[in-house]
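I am attaching a structure below and will ask some questions about it afterwards.
The letters A, B and C name the chains in turn, as written, and every chain counts its residues from 1.
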Amino acid sequence: MTVLRRLGVSVDVPIAQTCCGQVAFNDGFWDEARPLARRHLDIFEHADAVVAPSGSCAAMVREFYPMLLRDEPALMERAQAVGHRTYELSQFLVDVLGADDAGARFPHRVAYHPACHGLRALGLREQPLRLLGKVRDLEVRRLGGAEECCGFGGMFAVKFESLSSAMLDSKIRAIEGSGADYVTATDASCLMHIGGGLSRRASPIRPIHLAEILAAQ
Amino acid sequence: MKPSPHIDFDRNAREALGNEFLQRALRSAMVRFRELQAPVIAEIPEWQALRAYAHEVKLHTLGRLDRYLQQLEQEVSARGGRVHWARDGGEAATIIARLARGRYVVKSKSMTSEEIHLNEALERAGCEVTEGDLGEYLIQLAGEAPSHIIAPVVHRSKESIAELLSAAAGTPLPAEPEVLTAAARRLLRQRFLRADVGITGVNFAVAETGTIVVVENEGNIRLTTSLPRIHIALMGIEKVIPRVADLAVFLTLLPRAATGQRMSSYVSFITGPRRPGEADGPEEFHLVIMDNGRARIQADAEMRESLACIRCGACLDVCPVFERTGGHAYESEYSGPIGAVITPLYRGLRAAGDLPFASSLCGACGEVCPVKIDLPRLLLELRARVVRERGASWSERIFVRAWTWVMTRPARLGFAARAARMLQRLVRRRLLPLPYPFSRWTVSRDLPVPPARAFRDGWSK
Amino acid sequence: MSAREEILRALRAASYEAPLPNVIASNVLASGAKRSAGDRVERFIERAQAVGVEVIHAERPALVGLIAHHATSVGVRSAVIWEDELLVPVAAALQAAAISVTDRPEQADAGITTADFAIAETGTLVLTTSRGRPRAASLVPPRHIAVVSQDRIVGTLFDLFPRFGSLPSALTFITGPSRTADIELTPVRGVHGPVAVTVFITE
């Protein structure tokens, strides 16, 4: 929000908003997810652009609402309309506003984890790195196996806890090997997962959302 | 067919994660495949267009399988081949066993034959069967199932392979791949020269010419289709493509996506049996066209694109789950992302309903598939079917329903967030046990520390 | 109802129309962009060598001598040879070099064939079977020696298929020697087919 306002965008955060329904949808509970999708459309339909600080939420609206709502043509049409103007934050800043300098300063070494939904469903490859590149005093550290999933995957993380943890282990080894003080991503859920693992290992490396870095001064 | 037992993927995954050799072998194999594939894919600037073309050809053909299979039958027959039809694996095995009865058989690696447990049927019919592909031969010696579409024996060390081959050769062999491969060549060559019947699978069957195409690196398929008097090819109904010219695309995609080769060592295009005056090649050519559940998938509009699969294994090689479980955890010939899609379709949601959930939905599989199968979408579709038709566990149902109940009213969310903060403080002081799913979350991760004051509380003021 | 009828009926019931894309012509592909004949030869050599094929240039008058010399130098004592105009003098030259010519591939040290075509982009030899051109010659002996004319080297797969009217009983692509990596992913040559492939390119 700070970042968007700094760039002169008028921002509204509808307090009625809750959850796009991805948790239920991804876990196969489509009947439960549909009312949430309908709510989401009701609330965000009036906006020129919907910006989500989460690649997977943006992907849910853009890519998966049409699938969830395919049996309800009227809703489907609305979903497509909202989907076309829904963006992940870095995507909005770089692709829509054409702003790759958020005017931030963050004097730390940072590793960037390209979260899967942003990377593959939205095609976010360059945008977050371009933004990080313009943050003053920030040093981007190379992350090995960056495009490998951190193992979160919603309910996957609890249903297949051992697999999820094994994937997290690899990710954390790569983060530790990067020499960074912070690990950042465009997705709060991946960061919660990675942060939980770092904290369990009592690692000094901290998770931080890309938006927080861009807001820092 | 006997009803399939429930596949407990979580248990299988835990077992695999505990096997250090397997973890190392899988990781290095997957990394190696990816390193081989990337450059030969990158050198084709039209890769994405070729994927789209292949996808379209497959979806077109699936729409008119009735027409294309009849054309294929007609063309094979016109060139002196015989076509047999099988509703299911049992019928296919019976047809093949009848053709091969009592004879000596060499067989090439074929996923379809694994699917129908052909070797067992042939042995019951008094045939002696030898697998010709080195990996499959080793699997046969070990009495196991293959663990990867194109690297069936990736789960075994060279030492354990040396033991298998030493026993077969009746002489001790060192654990050196070169020596072991040479020993296998000698053992198998005798069998190829002696065999009466050769059985292969089919990578592509071309309707307009009645040609079957088989792709390999070792040469066992060529031996199987050149030396024995009878060649029997087994194909699923989805293997047919309309035109020879389509092969230019499929054969550009398949080797690069599968093994990272520009072209596999050998591609054989077989059009009928040997012709008059030719010195070798089979006198009889039989093509067995098998359904075994595929027509049902073809009629299922949401799932039918899974039939476009060309069995390259690329989705396995990029899958972070497969990389940690290997193929055996799937308890199916078809493993990895494509296995998690088609095994439930073949065996039913009750038996294999866990598999579509065994994915973090990272999307890597859909991105690499050379025929552009949207694997993440298919996994999501199946999850919805599992919840609808089989139901989820009570704890999961409660969690998801509670989540969606809370999320349909912002007031509930505000209340729930405050409650969660309070409960978490109690849990942290060990005054309360953690409920599902957080109990499993915390096996290896900490829960996030909630902010002292929620964003929405601040914003609304 | 027969299995055939039952399967076809089910498929017909669920049939639908989806467009069949037009065949991709080679010149659409940047990677198959028209190369000169010389470029194609060079590309073929590079790609064939990359998969472990030995490539030897041979002017037509020297071809027979070079093949006989090569066979002798690698220790070939018996060979199976395709009946091909180009190879008729080879048989005589081999016999003169004390190499016996046999029609039993399993007893030969080398199989000598021509290739109908070669594909530059992938380093592939394309062989067709017919009377006097057995499949086993390029497969069963531990060595395969092939002769291909320069003008038979096409750019890519996309250029190849239009050159065929009808298909023979067996059409074979050969790209390098037989190989496997089944044992701990260690590449090993010659698991079932030839350990070594040598190509003579002639004009």
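Methods note: contacts are C-beta pairs under 8 Å (C-beta built on N, C-alpha and C of every residue); 3 or more make two chains touch, one makes a residue touch a chain.
Keep in mind it's a predicted model, so treat the numbers as computed, not measured.
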| item | value |
| --- | --- |
| Chain pair with the greatest number of C-beta contact pairs | B-C |
| Chain occupying the most central position, where position means C-alpha average | B |
| Relative to chain C, chain with the most remote C-alpha centre | A |
| Where chain B and chain C are represented by their mean Cα positions, the distance between them in whole Å | 30 |
| Separation of mean Cα positions, chain C and chain A [Å, integer] | 52 |
| Whole-Å separation of chain centres (CA-atom averages), chain A against chain B | 32 |
| For chain C, residues that touch 2 or more chains besides their own | none |
| Sites on chain B touched by chain A in the complex | 9-10, 13-14, 17, 320-321, 324-325, 357-364, 366-367, 377, 380, 383-388, 392, 396, 400-401, 403-404, 406-410, 413, 436-437, 440-441, 443-448, 456, 459-460 |
| Touching residues on chain C, where the partner in the complex is chain B | 2-4, 6-8, 10-21, 23-24, 28-31, 47, 51, 103, 106, 119, 121-124, 129-132, 134-136, 139-140, 156-158, 160-162, 164, 166-186, 188, 190-194 |
| Chain C contact footprint on chain B (complex, rising order) | 25, 28-29, 32, 43-46, 50, 53, 56-57, 59-67, 69-70, 79, 85-87, 91, 132-135, 138, 151-154, 157-158, 161, 177-178, 180-182, 184-185, 188-189, 192-193, 209, 211, 217-220, 222-223, 225-227, 237, 242-249, 251-252, 261-281, 289, 291, 295-296, 298-299 |
| Chain B contact footprint on chain A (complex, rising order) | 13, 15-19, 21, 23-33, 35-36, 39, 64, 67, 116-117, 119-121, 147-149, 151-168, 192-193, 195-197, 199-200 |
